[in-house]
Amino acid sequence: MKQPRKRRSQKAGLPPGSLVHIGEVRTQQPSLSIMDYGAGGCVEAELPDVDALRRHPRQHEVLWVNVYGVHDPLMLGEIGRIFDLHPLVVEDILNTDQRQKVESYGTYLYLVLHRYRFNGGGQGRQLAQDQISVVIGRDFVLTFQECKAETFETVRERVRTDRGGLRRGGVDTLGYSLLDAMVDSYFGIVEELNDRADGLEDQILAGARSASLQGIHELKRCLSRLRRNLYPLREVLGSLHRDVGDFFRPEVQLYLRDVYDHTVHILESIEDLRDLTTGLLDVYLTTVSHRVNLEVRALTVVATVFLPASLIAGIFGMNFKEMPWLELPQGFYYALVLMVLVAGGMLLLFWRRRSV
Amino acid sequence: MKQPRKRRSQKAGLPPGSLVHIGEVRTQQPSLSIMDYGAGGCVEAELPDVDALRRHPRQHEVLWVNVYGVHDPLMLGEIGRIFDLHPLVVEDILNTDQRQKVESYGTYLYLVLHRYRFNGGGQGRQLAQDQISVVIGRDFVLTFQECKAETFETVRERVRTDRGGLRRGGVDTLGYSLLDAMVDSYFGIVEELNDRADGLEDQILAGARSASLQGIHELKRCLSRLRRNLYPLREVLGSLHRDVGDFFRPEVQLYLRDVYDHTVHILESIEDLRDLTTGLLDVYLTTVSHRVNLEVRALTVVATVFLPASLIAGIFGMNFKEMPWLELPQGFYYALVLMVLVAGGMLLLFWRRRSV
Amino acid sequence: MKQPRKRRSQKAGLPPGSLVHIGEVRTQQPSLSIMDYGAGGCVEAELPDVDALRRHPRQHEVLWVNVYGVHDPLMLGEIGRIFDLHPLVVEDILNTDQRQKVESYGTYLYLVLHRYRFNGGGQGRQLAQDQISVVIGRDFVLTFQECKAETFETVRERVRTDRGGLRRGGVDTLGYSLLDAMVDSYFGIVEELNDRADGLEDQILAGARSASLQGIHELKRCLSRLRRNLYPLREVLGSLHRDVGDFFRPEVQLYLRDVYDHTVHILESIEDLRDLTTGLLDVYLTTVSHRVNLEVRALTVVATVFLPASLIAGIFGMNFKEMPWLELPQGFYYALVLMVLVAGGMLLLFWRRRSV
Amino acid sequence: MKQPRKRRSQKAGLPPGSLVHIGEVRTQQPSLSIMDYGAGGCVEAELPDVDALRRHPRQHEVLWVNVYGVHDPLMLGEIGRIFDLHPLVVEDILNTDQRQKVESYGTYLYLVLHRYRFNGGGQGRQLAQDQISVVIGRDFVLTFQECKAETFETVRERVRTDRGGLRRGGVDTLGYSLLDAMVDSYFGIVEELNDRADGLEDQILAGARSASLQGIHELKRCLSRLRRNLYPLREVLGSLHRDVGDFFRPEVQLYLRDVYDHTVHILESIEDLRDLTTGLLDVYLTTVSHRVNLEVRALTVVATVFLPASLIAGIFGMNFKEMPWLELPQGFYYALVLMVLVAGGMLLLFWRRRSV
Amino acid sequence: MKQPRKRRSQKAGLPPGSLVHIGEVRTQQPSLSIMDYGAGGCVEAELPDVDALRRHPRQHEVLWVNVYGVHDPLMLGEIGRIFDLHPLVVEDILNTDQRQKVESYGTYLYLVLHRYRFNGGGQGRQLAQDQISVVIGRDFVLTFQECKAETFETVRERVRTDRGGLRRGGVDTLGYSLLDAMVDSYFGIVEELNDRADGLEDQILAGARSASLQGIHELKRCLSRLRRNLYPLREVLGSLHRDVGDFFRPEVQLYLRDVYDHTVHILESIEDLRDLTTGLLDVYLTTVSHRVNLEVRALTVVATVFLPASLIAGIFGMNFKEMPWLELPQGFYYALVLMVLVAGGMLLLFWRRRSV
């Protein structure tokens, strides 16, 4: 679960708007691509550098610029100048430990979103997070992603094929589609966590083992992180479909409400899972206590049976000159029977006490 | 308690309004029935397909269309077109993992509701959930249910017999009656859970057994799920009787307030049960700890009595040439008395320490 | 603590306003009495039936009708018609599992209140609840109680004797007096619960016994029920002294604020008791753990002393031909001293480890 | 911690405004004193009875009447009539189990405040509470205290010496000064509780003993009581410096804000202490569990060492005719070495298992 | 973690505005320095006393006065008079146990802020807090710090070098820069706590030891303290960027919003850490219980193996005249085989019971 944390303190003391990248470098080479589309058609291109972006002749209503890799301050500063972004926005794009938020800068909206993925395989699958910045302007949309991922691939495909009339939809429909794709990607995460929780539940109810404890602990941490991230996301979507109505036409608002509902739905699933996980910990703890009980009982039974019998054996092993039974031919068997009787009596006593 | 979860992630990436069914298919064949009624009379019919619905000549003020089975996108798309529903509404009807909600689309209200039932029998009775979509228009009411159930049968009977003047009541009275029937069905669920909790309480206070733990865990999950579902239901009903006054006449508002009160009442019962269940877990855990205590005490008593006595037996079993008492005729009995005295003394010590 | 729960589900499916009694029948025969009073005098009468009520000639400003027993739908329906009550009100009076609430119906206020009593004696005293419905009209007050109780007797006495000028006070003063009497009856409940909690605290701090656990559990359930009931009561009183100012004159409002304060005070006492009870459970659980610790320690001490000594006895009980000390006359005593030394050494070791 | 609770139930059924004292009688003889001061001077007097108060000729702007002992209904009724107080106010002054509150009666403010003190010494120091009623009129201030205490002595001294210009300040400055003195007295309480918590923390981290548990429990109860009392106090002060601006001039408002801040500060300290105390309980519980673990381990080590050795001794103590080693001269020592080896081997096994 | 607490009670009873220092004296000699800067240049000077400050001729737009050491009432009183501060402000600067807050006094803003540092090294590093008071006037900024620290050094450097155009920014930009530096200093604290939590997590999951418990306890206290301090800080920043817009120009508001976001971000990290720490305690407690279980099991195995074998040895050690096997040459080995068989059988029984 542990992810190398982003060191923010190294930036302490710099003036605001200082362009310094905070976070890991996740792609070797930042890459830049555009989609220039509208009702009339769609142009798609990989651009070699920011200059190419500057020289690109606009042909359609909407320009969508996507950047993979946010660790190059110079490049992002350039892009900021082209689209006239506030220095704080560029700073926030570079710092990949932002909260999810939406900020209106008058002529454009700036959104910070988080994306989650499970890395690795088997037991060691870990929840990894990266930050996506989205700028929605009047006739352009910028997306900045820390690393290549397929989240927006479906949207790009829909622009290419004009499915669902996305090309005629304008900037706000593209913005909505990106948000929708983001939120949809959470469903997979929740389902995987659901499966894990079910697995743990089965394990624990079948009989608690030490491994489960670590499993619960990790699940709780995942859920805690997701939950703390989803509340701001809900806020972002809530404020989008309520307050900043200017950027989204009423018909798109309706769709935003739908995305908002999905987020609430995901949050509720996560709260459910948290309840379940907490319950599992209780069950586990109680099970362990119960096991101690069973172990102690077993020990007590053993002691109850063998200690009295041993005493009797010891008694007949004493070296007194005159002792009863020793001379009898069946004395030995008398002693054995006595042992069995005493041990049995003790067990009986023990049994009755328990059932009372 | 585990129910096959609905897989939402498979829909990720589709454009909004894509009609894909999410959830299990619960009825083989969707079925379609109508009630066309008013002050003047009541026509009831099973329709073979959507075309028959389109061709149905309206005779009375209210048309109630009921559909069992929501896994046929084509059919639901058709119905959506007949009643001019927004694509998002039809999408939501198909996706059976919606939150409970109410949405106003100007000319009609769209409600998503959840219904609970206990499936199976005996210990294995499980809480099953299905989704009901209700559309309340100006002169029609549509109900979409995942599977056949008796929830609305009483309403249908009251329309047929015109009991309580339902036929003259218009669309809003029908809407209220459906909601009332839904909420009333929760009372039975709560009563069954109440009985379970009482059973568990009796079991645990009588003496905790391992089975109870699983019982508590399942009860908690049921309650957690119901509770998380009832809060949105309360919201739905609250917003109905406050905000969307246009669809419900003031005299019906009064009845809606009553349904709202019932929901709050159910919620409080569930909160009570949650408190009780949490308390039971504490009692159970404490009982288990207490039992460990008793077991250990029993063990200690056994050890305290037999170890000293065994030592004495061992001592007189040593092979020293010269030992006291060995030659005495009553030496053996002296040794036995010594054992009893020492064991008794130890017990006494033990007893006094405990009572201090 | 368990009270036979009221079965609401049996009513599912009936049209709204259906008059069916829900709850136990607590009095054999409903009884009906009136007080007709004002500045000019006071007439008090037991009425044989509803007809007598209908024929009763009003002589004074205020008519207070009190009904014991709410299981007769016909009778309550009659009374509803005489005072022109809404069908939902009569339905709610019959259903004795309402939440506490206040509803304004324009010309009268309808209040549902709960009364608590302790039934039985000694350990088995149980908290019983019954429902009181109060209707405050412009010139009449109706009170419906499930069973005979003394709660309102003091108010009746004050009307009879005109103490505190109650007769001149009008309908709102009577309404306030009834509420005040209701809320005052909670003080006794809280005091009894206080005493119980103190008793449990003394028991547990003196030394936890199993009985206390059940006591805490029952206390918690009582408190949980009371608390969940008092929040609605606080709401009722809050809305009375804020919103529905029309029914209560400003000078009476001041008194209502006082009753409201009492309710808040009771609620705080109950929250205090809940904190205390939860704390007691922690103390109990810790005490049990502590006891396990003490038991195990005792066991360890016993084993530490006797096992080594037994070993030594066993060693000198071996049958080797040549063994040291066996031939010595004091050999036996050497062995005993060795045992004491070893046991003492073990104890010392044990002691030092613990104090480290 | 337990304080004789005030019995409210005895008052149930009396008409409102009935003057009955609720609470203990804390001073034998109520005493009455006045300070009549203003910019021009200050007259201070002990008055023998209420008549003397009535006859007292006012000489300055502000009259401060202080009463110790609130159990004399007649006297308080008299004072109420002199200053024209509402009957409910006089009733509340007599009932010493009010919540802290502020009520505006148009021409005067009525405040109920709680004061805390630690009674007794050493371990047995208990938190005692008494109620102070303050009435702030246009040109008089009344303070009613259950018993003599030094809380307001500093204020009195400042009136006498005119320090800080208190005499010129008018009624509102006096009111503020009294509140400030009240709130300041809480700092001492919090500091003592802080010291206790630190003491407990040291004790528990050094090694939990049974006494600490009771200490934590008492500390929690103290904190719970204080906290539940401080929230209303914060409300009182908050509403004073926001709403009832008429009684306090803007320049005094500024000082009231300061007192409000102090209260919030105290509340935060108490919340901190609560967190700490809860944490301590967890630490204590875990420590106890840990100790059980250590004890059991010690027992296991003892059993692991001596049981196998005893078995060997027992084996060589058997009376078989032919047994190996018995005839050897060093057989005895072989047996001893075998015991040590086996015990050592068991320990080694035990050790390795633990470190795995 | 324990810090000598500031004794507030000693001030009880003094008139408001009394200048008394509360807290430790952290620097021997208060020191006073100024920066007088503007677009035109920057003058920086250490001043020997307050008189020098009074005589200082203003040359530029902004005067920033910084004071280290706040335990000299006379000096602070002087400064208060020079800048016309309200007596309550000077009192609050002296009392170093204020809550974080912002107060508007019309012509200047008064902020109380807390700074945290880790003192000492290694395990014993402790969280220390000191208070910083900031007064932002129309053309001056005053900062009062309890002790010398580097927090504002970066701001001073930026004024000297005019980096980021700070000199042209005016009073509000300086105020923002100071707040930004303060909040940035929290990032380092959070990172250190993060590292500690990770260390504890690794320790505990590897195998709980007693030391971890104290570590968790201390971490929880740190987090609890920080958290309780950050909420007021968030409020302060929230009210700055919302309400008191007069002091900050709109373009600076934007930057304040950024600082506010950082605070929320820090708070969320701390909440995350709290969740983690609480989770760790659960894991630790469960691990301890689990260990008890393992210990008891080991004990049970030992007892199960050796007690029956000892009994058999004891039986063949009895002194009966006639006993089977004793005469047989292989009798001894028969007995040994019997012991092994019985012990093995017991173990088998034990094993099967566990796996059931």
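The letters A, B, C, D and E name the chains in turn, as written, and every chain counts its residues from 1.
Heads up, the rule we're going with is that a residue touches a chain if its C-beta (ideal position, glycine included) is under 8 Å from a C-beta of that chain, and two chains touch if they have at least 3 such contacts.
Everything quoted here is computed from the prediction, not taken from an experiment.
K.L.:
Could you tell me which chains are in contact with subunit A and with subunit B alike?
P.N.:
none
K.L.:
What is the distance, in whole Å, between the centres of subunit A and subunit C, each centre taken as the mean of its C-alpha atoms?
P.N.:
Measuring from centre to centre gives 43 Å for this pair.
K.L.:
Listing for subunit D: what residues touch at least two other chains?
P.N.:
Residue numbers touching two or more other chains: 285, 289, 292, 296, 299, 303, 307, 310, 314, 317-319, 323.
K.L.:
Chain touch graph shape: choose line, ring, star, complete or other and state it.
P.N.:
Per interface graph, the chains form a ring.
K.L.:
If the ring is traversed from subunit D in the direction of subunit E, what sequence of chains comes out?
P.N.:
Once subunit D is placed first and subunit E next, the ring gives D, E, A, B, C.
K.L.:
Mind pulling up the subunit D residues that touch subunit C in the complex?
P.N.:
Against subunit C, the touching part of subunit D is residues 2, 5, 7-9, 11-18, 86, 88, 97-99, 101, 103, 210, 213-214, 217, 220-221, 224-225, 228, 281, 284-285, 288-289, 291-292, 295-296, 298-299, 302-303, 306-307, 309-310, 313-314, 316-319, 323, 325-329, 331-332, 335-336, 339.
K.L.:
Per the contact definition, I'd like the list of subunit C residues that touch subunit D in the complex.
P.N.:
153-154, 158, 163-164, 166, 176-177, 180-181, 184-185, 187-188, 191, 194, 198, 201, 205, 254-255, 257-258, 261, 264-265, 268, 271-272, 275-276, 279, 282-283, 285-287, 289-290, 292-293, 296-297, 299-300, 303-304, 307-308, 310-311, 314-315, 317-324, 346, 350, 353
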